[in-house]
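In the two complexes below, chain A is the common chain; its partner is chain B in one and chain C in the other.
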Partner chain A sequence: MDELLSYGLLTFATLALPALGLCLAIKVTKYFNLTYGDIITAGAFLTLLCNLTFGIPMIISVIIGMILTAALGVFLHKTVFKPLMDLKVGPLTLLVVSLGAGFIVRNLILIGWGPQPFQFRIPLARAKHIGPLFLTTNQIFIILICLLVAVGIFLMLRYTQLGRLMRATSDNPELSKIRGISIERVYVYTWIIACALAAMGGVFMGVLGTIKSGMGIGVLVTIFACLIVGGIDNPYGAVFGALIIAFAMEATAIWISPPYKVIAAYLLMIIILLVKPSGLLGGEKIQWKYFLGFLRSRQS
Partner chain B sequence: MKKLSVIALVAICIGLFSFAQPVTAADPIPLGLLLPYTGDWAWVGAGADPGAELAVQEINADESLWPIGRPIKLYKGDTETKSKPAIEAARKLYDVNKVVGIVGPSSASIRSVIPLSKEAGAVEISPTAGTTKLDVIGGGIDGEHIYRTVSSDVVMTAGMVYYAMKTFNPKKAATFTADTEGSRSIYGGVVDACKVKGLPLVAEIEFPLNQASYRAELKKLFADKPDVIFWEANPETDATIFKQWYEMGLGGQWIGSDFANRTSAKASLPASEGAIGVNPGVLEDERTKAWGERLNKISGKEGVTPFSANTYDATIIFALAIESGKSADRKSIVENVRKVAQPPGEKVYNYADGIKLLRAGKKINYEGIAGTQDWNKFGDPITFLKVEVMTAKDPSGMKRIGTVVPDDINDIIAGVLKIRAERGK
Partner chain C sequence: MEIFSWILTIATIVAIYSIMGLALNIHFGYTNLPNFGIAGFFAVGAYASAILTAPHRFRQMEIFAGFAGGMPGRFEYPFIIGLIAAIVFAAIVAFLIGVPLLRLREDYLAVASIGVAEAIHYVALNELWLTTGSAGIRLIPMPTGNRYLYFLIVLFVLAVVFWITQRFYRTPVGRVWRGVREDEVITASLGKSIFSARMWAWVVGCAMMGAAGSLWAHYAMAIQPGEFVPTTTFLVWIFVIVGGLRNNWGILLGAVLIIGFFEQGTRFLPAFGAPYIMPAIRHITVGLLLILIIRFRPEGAIPERAARIEAHI
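Presenting the complex of A and B:
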């Protein structure tokens, strides 16, 4: 049980923030953006650029990486997705375009860094027993940061002006526009937050494992599984979903067989889709089908 | 309308012109190079590619020594380390580029491409596919002209177990291999070789590649404290595995296959310090040293990149087979490919000597950089194995610490083949 707690928390730390970021992006912009996986990768590589190439200390590298990744997200939004949204294209079109945009980002990373894996310049450390946990200092730090950032995002959504604007835009964009809210500005802020969280997730994956060009797209389906399990339209659900998926994967690896741990995540996702399509904490208003254009309009 | 007519006319003219072009004497001979340039085994493509480039550069260097008076031109295809893209790339090479044969691909996709090569009536020489699935097919049997310039994994795994027994005298061992065809091939070879040597396996763990965490797998692997762990993954996964193995403070001596290479070392050091790789290698003689220097100019990297020697040999064998049959037809290559690389011909150690002897009407036996390339009836050679240790002290990430020659492992190979024959009954 001790190992499940340690390994489950570590996997949770890599999934929670990207899941939260993607949830916010989907909730506000109302489409699945498959570029998100490659934005996770970009975040890790931009941080790597600062840390490994320029020799900047890790903490500062992470901050610069988050800023650069947010800038990349805003750039993609302004140049690719906003023009299409202005044309009132459907969510399915945006989904396909995001797939292409992700492909471009991924290949640019591949051109820049090549296919080989990289590691951050961080000293190796042995894990220690701390209560029921068996973790290194870096790992404890990552879990704590993950929890703090998640709580910070929840507080931001609930108590700040930006949070209120995001919730209002998410609930009814047309009405928000009539009330004088700049929808576009909310979209930009949302992408800044979502991409910064993606970068952080990418860095965590890199610190705990390795950094490579396909890392984000590889984990994207698992992140979607977190959202579907927790509830696509609920940020709390995204983090809760990450917790469930992480522990389900690690429990499968420990008690059944390691190769089945990814299957466990997808199996859980399918079960939730069949039993409660809106997710464990999701409202009935937005379901996954909506984003594939099966339901009629954005406002229905 | 008038504009359309003009465009159509121009198109027809271009079409007719291109069809009207006869194959002139100096037209390059198209040769396919099908490797995993992207995907999980991108490092295989990156390592093997310079070998083919160097071979073509040497073949084309002197116009008077071109095979049948024509230079070789490489057409490259990317398997993406998957079957479907490999089939599509092979189809393009055969149907569009009209290649006379293919150098490649790797274990991940070779069995998908074999039917296409059979249908095209072409020779396929894989410089990287060690999979034991090829041990009983190819070599021209059943119209499958599949050859290798790399040993079967049976040879490599025999070398891994031999080196472990000789150096560490382990009482218990374990396997830790990915759930891919290539890694299953290694796993099967290690299990049989351990049986031959009486080395008990206390854990046999298989895992998916490129996961963020392998802690649960490592915990299971070390539950019975094996002295030696025979492993195969890929560089990305190795980086994660070794980092987490180090963090967890687990012991044991890691012994890997051809996947325990410089790419893997660079990705996983310093956590992987001391891990050993037993894999196809070149000898440390003057000829190989000079070849390595020429290769470095092409690859821009220090040392011999993975599978470059095998890819070099495969490309040279194609060129010699073309000259031997005095034709670049696929059928002629099929008939001549064995003739240039096998006894009883006169041994030749480079392309230029080979082609000169062929023109003098003599039989030749090309002795490759990666090995003698003397194939058995299934088109498989036994190449040399090198032993390297991962170390941050060496700039390349790996330091050579030994060589395994066929005499060292012949008894293990014989034992493994006997076990497999009995299993097959």
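Presenting the complex of A and C:
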């Protein structure tokens, strides 16, 4: 059980911030960006560039990596997605375009670093017992930062002007425009926040394990499971979903088989889709009759 | 003769990819179901066919290599049974996955189907008794044993799939699919079941992807889980969109252009650097091509035919 608690918390720390960022991006821009998985990878590798190649200390490299990743995200938004959004294309078209953009980002990383896995240069630390947990200093640090940043984002959404703008835009873009909000600026700020969170998530993955150029899609799928489980347009739901998915994955790894972690996350997502399609913290009540949903929709 | 052999190889690969493209046309072009799990159904078909047709000799080899037991090599059925099993298994898997997934909104369905393909990839990698894991299945027999005759078989299957896809455009069920694509509410108000229409399109398309998987397994004569990665899916998407979504001739054109000339044809070019550099450059170019096509010519090279008014009164 102690093992599960430690590993679950660590996996949670890697999943929570990207899930939160993707949730904000979907909520505000109203389309699903498949590039996000590769932006996570890009964040990790840009930090790796500072940390390993230029030998900058880890903390500063993370900040530089976040800034560069945010710049990448805004660049992609301005060059690829904004022109199409101006043409008023549907969310599905934007999704297909984001597939192409992700393809480009992934292969650029592949050209730069090759297919082998990498690790950050960070001081090794001995694991210590803290209550039921068995963690190294780095790992404790990661969990604390993750929680702090998540709380910070929630406070930002609730109390700052930017948070209010983001919520207003996501609620009703037309009305926000009429009220004089520059939607485009809100989009840009959202992408900056989402990409910075993605970079942090990618760096956490690198600190706890390894990173490699093709990891984006697998990570994206897990994060998507978090969003569905928690409720796709609820930022609290994203973090809550990350918690549930993380513990489900680690429980599978301990008691069933490590390679099936991702499948466990996926099965959980499908169960939630059948029982409560809006997610655990989403809008509607639990609809148990969806278990027989196929028969039901045949009749209707 | 060397160059002729190369052309034959490329033509076979293009034909197999075209089958997947036509299936994607049924999913996305006709019914608006964005299936990003093509590689998954491709893998189901390939593995179903390979497991059922792999010869006993393969088991002997694996026993020497330290792996004993498992399903591959136990059946030794002929190719045709492998092909049918591939179609049936892909359809069954598609049905089971479709029950929860087809409830989703289109863009969420897209991401969920990527996950399905990933899950199938993990199963292929880890269920050693069924798939022999990362070692893969080898010695899969090529029917007729002759690449020229086998190409004719692939062409025949492609022709059948093309005919089915073209027919579905005009049949009542195809019209319901297109109705679902254009406006679900109106289609539902005409008394059609949206879920049933989506499920039919989903299962038919996935069965075609399974057939493509079977043809691939028997052509390559060896498969391993590393082939069924999202890159396959994305290539299919890219050539379908470049060639002309919703038009079957356009899809064939896209397959020839992107898969034939671009992916396979550029293998002649001198490679430089590490072995992963050239494919990466190719993929960056097709990614750019996808973005540019959607930006400047969203209907693709050959657009959908204008709807003919069909009066039955």
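Note that in this section the second predicted complex is superposed on the first by the 283 of 300 C-alpha atoms of A that agree within 3 Å, B and C clash if a C-alpha of one lies under 4 Å from a C-alpha of the other, contacts with A are read in each partner's own complex, and residues count from 1 in each chain.
By definition in this document, a residue touches a chain if its C-beta (ideal position, glycine included) is under 8 Å from a C-beta of that chain, and two chains touch if they have at least 3 such contacts.
Small disclaimer: the values here were computed from a predicted structure and weren't measured.
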| item | value |
| --- | --- |
| Joint occupancy of chain A by chain B and chain C, clash or fit | clash |
| Chain B versus chain C as contact partner of A:262, first or second or both or neither | both |
| Partner chain(s) touched by A:34 [first = chain B, second = chain C, both, neither] | second |
| Contacts of A:110 with chain B and chain C, given as first, second, both or neither | both |
| First, second, both or neither for A:161, with chain B first and chain C second | neither |
| Residue contacts on chain A - larger count, chain B or chain C | C |
| Which superposed partner A:127 touches (first chain B, second chain C, both, neither) | first |
| Touching partner for A:221 - first (chain B), second (chain C), both, neither | second |
| First, second, both or neither for A:96, with chain B first and chain C second | second |
| Where chain B runs into chain C (options 130-138, 238-246 or 346-354) | 130-138 |
| Footprint overlap on chain A, comparing chain B with chain C | 110, 114-115, 214, 218, 259, 262 |
| Contacting residues of chain C [partner chain A, same complex] | 32, 34, 36, 99-101, 103-104, 106-108, 110-112, 114-116, 118-119, 122-123, 125-126, 193-196, 229-230, 234, 237-238, 241, 274, 276-277, 279-281, 283-284, 286-291, 294-295, 298 |
| Sites on chain B touched by chain A in the complex | 38, 42-43, 46, 179, 205-208, 210-217, 219-220, 235-236, 239-240, 243-244, 246-249, 263, 266-267, 270-271 |
| Chain A residues within the chain B interface of the complex | 3, 6-7, 10-11, 14, 110, 114-119, 124-127, 134, 136, 139, 205, 208-210, 212, 214-215, 218-219, 250, 253-254, 258-259, 261-262 |
| Residue ranges of chain A touching chain C (in the complex, touch as defined) | 31-32, 34, 80, 83-84, 89, 91-93, 95-97, 99-104, 106-108, 110-111, 114-115, 214, 217-218, 220-221, 224-225, 228, 232, 257, 259-260, 262-263, 266, 269-270, 273-274, 277, 293-294, 297-298, 300 |
